[in-house]
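We just call them A, B, C, D, E and F in the order they show up, numbering each chain from 1.
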């Protein structure tokens, strides 16, 4: 359908090799009102995640007696895409909210907070393929920032198929004109909590894609860990300062 | 407005005489999840009714302290009509749901189940004039199948006016191009629980229409009764088999 | 932008001088079902206000433990304007409902009725610039008619800027083609409970506009008081009659 | 009304009815006083404020160019809407019309439509493209019972006084909306063997079944609707239909001709 | 189902699974009996009623002229919608599709779309202006588990029997909808080390993670969706994918070729 | 914040105010530190992230061809929308804008519109048919008080840096959005005799009445809005208006010129 070439001499349009992530920037604790928050850039994606809770559930009949419920709202700002989108959720954002919630739910110790809710809100400020994975990465860190007890972090990125080759972390053009896109999310121990695929892959390509995406997630995990440690030690320092007074 | 002839030598377009119903097919207990269910064909109408309840009412403030409330949802599948309809209720389906509920409410012993709700759901899979009456017939049997205590069944069909003549159970073309349509529902003892009319009829024609529609309802009642007895005796047989083991 | 002249020899299009209100008609207790009601005409504006309550709040979580909540619904009939408007609230009516509620809330003794709601409904039957102020005037009287304890009445009208001159109570054409519109509401003691402005005014013009609008409000206050006294004494008379029997 | 009061009121009304009386002294077939004020909304192409006893209903007519239905490319269009605004009753709630409002609008609409009251053939502007669209907007102001008949009466009264605002749209001279028939809705409720016409709000509250019959000027029936969770015998239906025709004739002659 | 019963049922199923058994005697990879009735809705351009065990799903296809997407001006359009009508399950509620219905529709849609099942290039009427729009409407009738596979199967079965109603719109002769591939969705759930295909409603209730794999006739994967608040190991995923391809092949050959 | 804490906090703030102090040490007329980052959203035609103390608001501008309003056929169109997304505050809820979001958007909109900030006459493409539509989308990120002023500031800052993307639509060369004035909103709340500018979230919580004043570069007032369930004396209003003009001038000069 498209004559464009996306990989030339092993180098992609934006200069990356097949197994490279786009540049990542993460900042934790960027919002004052939220209990936890994280800002993330993955290439040209800019997302911000906030966590509120555990807090009371309204309306009451949504309460679960023996655990917290998790809500996840993925939302794109009207100005985040080329053609302005109407505010409010569409079918795509309902689906992404559901799979993103299910990507994080397995690691949250919900049984610690019966009858309560943990709300995760992700706002996409700029979109360039990969917003759901960026959102999950940011949300995972925001949960930690909010002090929500978790088994582990969750890290997420996509692998895709472009010019017949499996590549890591496709950007917008690769996603639009590529042959497949497969976002995943995994725990540090390799358990898969998100897995979607559309496009066409053979079984072999699928295994390659999984391996490549796992590698990307591991790299992201290191960054997530680092920003949390940095923030944590900053508090430590502050505490030290405080005790010195 | 229309030059077409709908009755020729006393015979209608589909071969029926003025006082004949279209072929009817009824099957009871067609759904496993529902507490009661019934599938019905009346000519080219295909409807399916399910009953759930009595069960708890949500939200609570809808509860009635001394009786069950009845809810009735008439819904047309998008593909049930020539021109695809948008999913979800429109003004017509709200009205039909209301009058259909009011057609069944008088025979249901609601006082047996205070604070609860009995839900009746009717899905129209194919429509050809007469879906509300088919829905009421199926719903009436589904209520019995669900074991809801009732004073009696309710039977429903329409009379119409075509080429100046009162006819029983008009089909789509007769309804579209006819001069009047009058659906009714009655109990076996002749109490009227649904009565609507649009079009034009003299008072005499109206009486004729009532008489004709009553006759149709009586015929339908015999079929409703038969399918319930067949199903009931089938259970009896099963029970016999069971006790023989 | 517009070449029309709106004031000629100190006289406006409808014959008023700059500091004159349009003709006012008020009638109290015009509805039987409502606890209090008032019909008002201000020029070609025709509005009707009803008050229900204090009554129970649904849903419960809206309750305030130590006071009544106030709800205000400003609604325009579809036929109230030149071009038929779709039924139901639009963004404008949400804003007007909010500021109108906040114009009346300061004078209502809400602490007398904890956990309850006082509902104020305003229907605009005909609109000609000034419906929000007419609505507040009518609602204020309807609250009194409903026996809701209040610190005082609230009176409301607008000042505008037309042909460079500050005028009282602009009508539709003056509002559409004028340079500014400033509706206010005040208590008899001069406290401002509503103040909005759009258009352009210097600080001096703004002070002039406030003074002029205050004058208008005082005139309206006299009318509000009169209709309430008339109605009250009518009841007195009836009571006298009653006691004479 | 608390449920205790409502029970007492109900018993009282029943006992009255057993003695052949209604609380306000009317006969069983008699309507409350009717008043109609027409064309009081200048911004509308037609309007009528109907008072039926204490019940008040305002109907406004707006007429604008619009698209015809594909299956009637040369005919005007009627759109009927009813707003049960919360001002009119403690039990009406804000929000889009619920099933009661929808039923009300649709029954009024059917009366107007099926009687051929409006000459839709005279409302074509450009065949297949542009026709006059008539919006009948029913605004209930005070629901003291039988808003069905009041709304239906308001609709036809407002239509009768409506002007098609052709000049405003550069489509020639304004002309009076061509109205060819005067459908009248009359509603009765049943109590045991008794049928009561024009029920007030208390009578409505205790009745189980209601029947609305709409008749044309020549006595033909052009619409019926049973509503409420009760039933009617065949005889009750025939009785209501017969009296409805009489009542409609009287109302039509007295108020609309 | 009350929560007590559900706990007991859960324990029972778990114990069975530990012994390598399923409640209905199937093997872990085995599907319930499948029945497909096609073209039973005359008003639709295509339809299929799928029975997967006790699960019943009706899919109707409507085809009408409409506008193309701006970025594909010469291609037909597919619109997929799923209605989890409350008739089908005590936990489905009336109202617009919730996230479960939306996910279902979108996964079915992706299977059809990504596999290139429908030859959209053959569905252009006027380039850039008018193309055939294919509405795939999924109506769940009885949810006894695995409505994903049943819906997906219903969609392709209905498409295979669909006719483009060109003559009805004066656009030439009717013709069969050009279908070029047969995507099949197969779904499995995990329990500890075990994966179960075609879960019934009880098995779904106790499983945490579910994986749907959609494959084309040539064995290529054209869609996947993990759902549910659980996780899957890499090995489980590979195992499911491998068996899914086998299952899909069998279903495709048996029912759709 | 629980209500006990909130009561204590309220008393504390009141006592401070009585002594002429604010919790963060500002004078009564002083603004919190302001930071504006512009054009950080590449996908938008203009954008600004405003930090007002801890409050953060992102405004994005999208510009697309669209239809003019019938009563202004040769002028561009402005559409302003505010999303109080639940990320920004524990009391914001998902869903369409409520009355607070609507009021916010409408006040910002009036400031831009009434000041004539955007030269709408320069935004006509085909008279009566096609004009540039400017979408001002306000996204509240962290509500630590006075989102009105932050939003208004974000809107004009984003407009000032916006480009009309004519080339993307084949309508000639891109050009800078013509902005002719810089309206600035300043908001104060009252406490007894005191008025405080740029209230933070705690000050907002204890104030009853708020007044927003929007002024143009030449000092003219182009918009006002009192909000909150309280009242203001005439003197308070005049005082707020006078100081508002000074504050606006300072903000305009410091950040936008």
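FYI, a residue touches a chain if its C-beta (ideal position, glycine included) is under 8 Å from a C-beta of that chain, and two chains touch if they have at least 3 such contacts.
Being a predicted model, the structure only gives us computed values, none of them experimental.
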Work out the mean Cα position per chain and let me know which chain is farthest from chain B. F
Among all chains, whose Cα centre is located farthest from the one for chain C? E
Chain B and chain E have mean C-alpha positions lying a whole-number Å distance apart equal to 31
Between chain B and chain D, the Cα-mean centres are separated in Å by 28
Between chain A and chain D, what distance separates the C-alpha centroids? Give it in angstrom. 58
Note: chain F sits from chain D at a C-alpha centroid distance in Å of 48
Numbers and ranges of chain C residues touching at least 2 other chains: 59
Specify, in ascending order, the residues of chain F that touch 2 or more different other chains. 97
Taking the complex as given, what residues does chain E use to touch chain A? 97-100, 102-103, 105-106, 110, 113-115, 208-209, 211, 216, 219-234, 237-238, 241-242, 245
For chain E, which residues count as touching chain B in their complex? 40-44, 47, 54, 56, 58, 60-62, 64, 81, 83, 85-90, 94, 96-97, 135, 137, 139, 141-144, 201
In their shared complex, chain E is touched by residues of chain B numbered 31-34, 37, 44, 46, 48-50, 52, 55, 73, 75, 77-84, 87-89, 119, 121-123, 125-128
Write out the stretch or stretches of chain B touching chain D in their complex. 70, 91-92, 94-95, 97-99, 101-102, 105-106, 182, 187, 190-203, 206-207, 210, 214
